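Handing you a structure now.
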Amino acid sequence: MIKALLFKEWKKTKWFAIGAFIAGVILLTYLFLKLGRSFRMVGLEHLWDVIVNRDQFLFRDLKFFPPAVGFCLALAQFVPEMVQKRIKLSLHLPLSNRKIVFTMLGFGMTLLMIIFAMHLLILLTFSGIYFPVEITASMIYTLLPWYIAGLAAYAMMSWICLEPSWKRRIFNTLIMFASLQLFYLTDFPGAYSFVVLSVVIIPFYVLPFGYLSVQRFKVGIQD
Amino acid sequence: MKNRYSINYLIIVLGTLLLAWLLPKSYHLVTDTASKNIFTYYSSVDKAFCTIDFDDKEERLIRKNMNTNRVYSESEFDSILPMFYSRQLMADGRMPKSIDGKVINLNDVKFKKFFFKITPADKNKPHIPLYTLFESMSGRVRIEMPGDVFRLNSKIEFINPETNRVNEEKSQCFNKIFEKRGFRFPAKMAAGNPSTRKAYDEGYFIIDNDDQIFHLKMVNAMPFLRKVSLPAGVVPEYILTMEPDDRSFYAFVFDTNKRLYIITTDAYKLQEIPTSAFDINKDQLLIMANPLFWNINVISSKGKTVLALNADTKQVVDEVTFKQDISESAYSKFILPFAVGFTNANTKYIKPMVYFGSYWVLLTNLLLTLVFVFITRYRKQKIQLFSVVWIAITGIYGFIANIIFNR
Amino acid sequence: MQQAIVECKNLTHYYGKRCIYENLNFEIPKGRILGLLGKNGTGKTTTINILNGYLQPRSGECLMFGESSANLSPETKQKVGLLIEGHVQYSFMNISEIEKFYSAFYPKWRKDAYYELMKLLKIDPKQKISRMSCGQRSQVALGLILAQDPELLILDDFSMGLDPGYRMLFVDYLSEYAKAENKTVFVTSHIIQDMERLIDDCLIMDYGRIVMQKPVSELLESFKRYRFTCEKPELLDNSNHIYNSVSIKGKTELYSLLSKNELEKLLSGNVKVTNSIQEESLSLEEAFIGLTGKY
């Protein structure tokens, strides 16, 4: 039964997931080409110097890509459920409501993590070829908060989608934007090094919020 | 039903924390004004501290001698602080030939004048542990990029950026001397100025794992490593390699006892610079040096202390302290029980921090708790113990979060 | 006494301060097809939502197979087939995908029943549901419920948006199926003609109350329209066995459960009937209007 439920989620998000992955690859390719150009123009030694001694970060353009993917995935997955209250069908499936909702949310989270992991893998492979581990490590610390922001954006947006009351949705949106700010407090490379593990908690802390909204839907709250 | 409440509590807790972060932030955004910073410099002519301060009433800059309170005009002031305004005086042809019988050598003024500033964020920031070691004796005027960088893990390794490979030969050559000099890997820190825009290169001062300081240079493509002998009790915490124009010293050393030293070029002897308890993790340090006096400014949360040191002996000649009046408005003191912050002027790292207000706020918390109980009864809802306790603790933040998310 | 599949006890619901109904009680015995009839705004949708567990009533409860409808166990959900208003289904799937999807959830899944109905539609199994007409979609939704083979079917406004042909197809299929398999059905529709062909019992709601709950046959046998002329129509009392009397220039029309003789006896006293009373049998739709009024 869970497998069938996952099939339904995949049906809704398949094209989006493939699209998001391709968009990410295109973005990365663009960044790599841009970097390749600077390799030829100024040389790697200068580039290393700029990264190490001038605190430059080469992949700043990736900053808002993960949350954008997170938002869109949540929309792709939950808008079809909310349109015509199709969630009624899902909740009527012979499973406990909790299992249904958390399977859906878990699916989205996992899919997102797979897309992000593939991106990071490509990125880090590239970085591993041209840069020493020190620079790659710093890159990871700089990128991770943004990618975790993507997961948080997904969790928050699903919460907003599943919420039946418009008034509450507005407050949820405010909480979402305030929380997402936490991932973008500074542009300084590696600034999140000490807290990156605690930051991982945020998306998983937020994920169950959607279940509350489903329960609110179940008792008939709407406006 | 039970876990519906617990999820709601999670939302309220998150909402409260976000408010505890954003409300004080926006409050400060609206109310903050720049704290006054009075320029203070020791006059080699008047033998007293002189200041430039903005007078709010007259809306103009007041230049005066702190001891005599005599007010100077702008051009008068130039000649009272001839070292600070040396360029202006030279341009005007007003530079004194001697002060206190000491002949003033214009080149000396040029070489021995420097400004140095360090803030906690300069030290507490993420950095990538790769270092550029220049050739110190290239025979060329311009410093050139060496074509590699080094790392200090369990040994020293030079890496070529073009190939991203370790230069084994050079690494081994350097490693040998590190071993020979008794360097203990891994290094705690390495301080150098990896910039080609400087007059000369003194390489790196490195703190090893045993808190010893070593001076590393590359001379004629060969390693130069020398241990700096430290006086008993000096445990270095932070080093800044300076390369000043007059080549009188190599570096500043900040030790764990909040003392500041320079490593002099006189056989690497350490000389203490009095700073009146400068904490590199909290305070700002500004040094304005000239051939006669060093002006040491230490700016902490309590205020600003300025010391004038004899440039040769580094003995304190004069000292003045400006207390900062920390008067937070009563408004925030009574309303905002605490504030959560993630960024801080003292560090470039993101770190969660909580700042607590005064005890008076507990009164407001109590009041808000009562208001909440009243509103809950008006809404004909059941009063939850969690909400009441939470508002009593978190005050206005918990109150707002509960009003919105506990319907 | 037959076992009741659905029991609603003392349902009371308000939207804000507006009372939908108070202390509503009804039950659906096993094997019966119950139609809920009511004008818009009388609480049809409210009742369906409470029944489906998507609305918590202010007080009272609704039991399905003995479980509270607000919190059905997976086993009970398996026994309940749901048709949501507008034949909503997962329209991002195609005919064969959606069949495969649902088959995983129901052990008694009857693939044939679904495909038998799909054959009538003459559409490609790869076609997405979102690209189908409303009528075709209704058949998909019905086919899925038939394949699920639930003991209880809850159908919310099945006739909405359907052509007469599809409506008839739907009703025929459903009634044949329900009768043959002894299924319990709860159905609402705003087209009462369709209901007449389908339902055994009717539950007629008016603002805030149930006007009547009776087997349809019984209702149509006893509920009649009477026409006559009388001198003092203002003395007709609507509450006393008489429904919705209307008099225009002495010509009076009223509805009643009373037989002609009983009515004559009731009226003989005061209103002075001047001619003989004409009795008319009614269709369900006419009876509905008779009970709830035209407005």
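Letters A, B and C mark the chains as written, and numbering starts fresh at 1 in each.
Throughout what follows, a residue touches a chain if its C-beta (ideal position, glycine included) is under 8 Å from a C-beta of that chain, and two chains touch if they have at least 3 such contacts.
Just so we're on the same page, UniProt names per chain: C = ABC transporter ATP-binding protein.
Not measured: the values here are computed from a predicted model.
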Innermost chain by mean C-alpha position: A
Chain pair with the most C-beta contacts: A-B
Between subunit B and subunit C, centroid-to-centroid distance (C-alpha), Å: 78
Where subunit A and subunit C are represented by their mean Cα positions, the distance between them in whole Å: 47
Centre-to-centre distance between subunit B and subunit A (centres being mean Cα positions), rounded to whole Å: 36
Subunit A - residues contacting subunit B, complex: 43-49, 51-53, 55, 129-132, 134-135, 138, 141, 171, 175, 178-179, 182, 185-186, 188-195, 198, 205-206, 208-209, 211-212, 215
Subunit C-touching residues of subunit A, taken from the complex the two chains share: 1, 3-4, 7-8, 11-12, 80, 84-86, 88-89, 91-96, 217-220
Touch list for subunit C against partner subunit A, complex: 49, 52-56, 70, 73-75, 77-78, 80, 82, 84, 86, 88-93, 97, 100-102, 104-106
Parts of subunit B lying in touch with subunit A, wherever the complex brings them together: 3-4, 7-8, 10-11, 14-15, 18, 21-22, 125-130, 132, 145, 147, 149, 151, 159, 161-162, 164, 194-195, 342-343, 348-352, 404-405
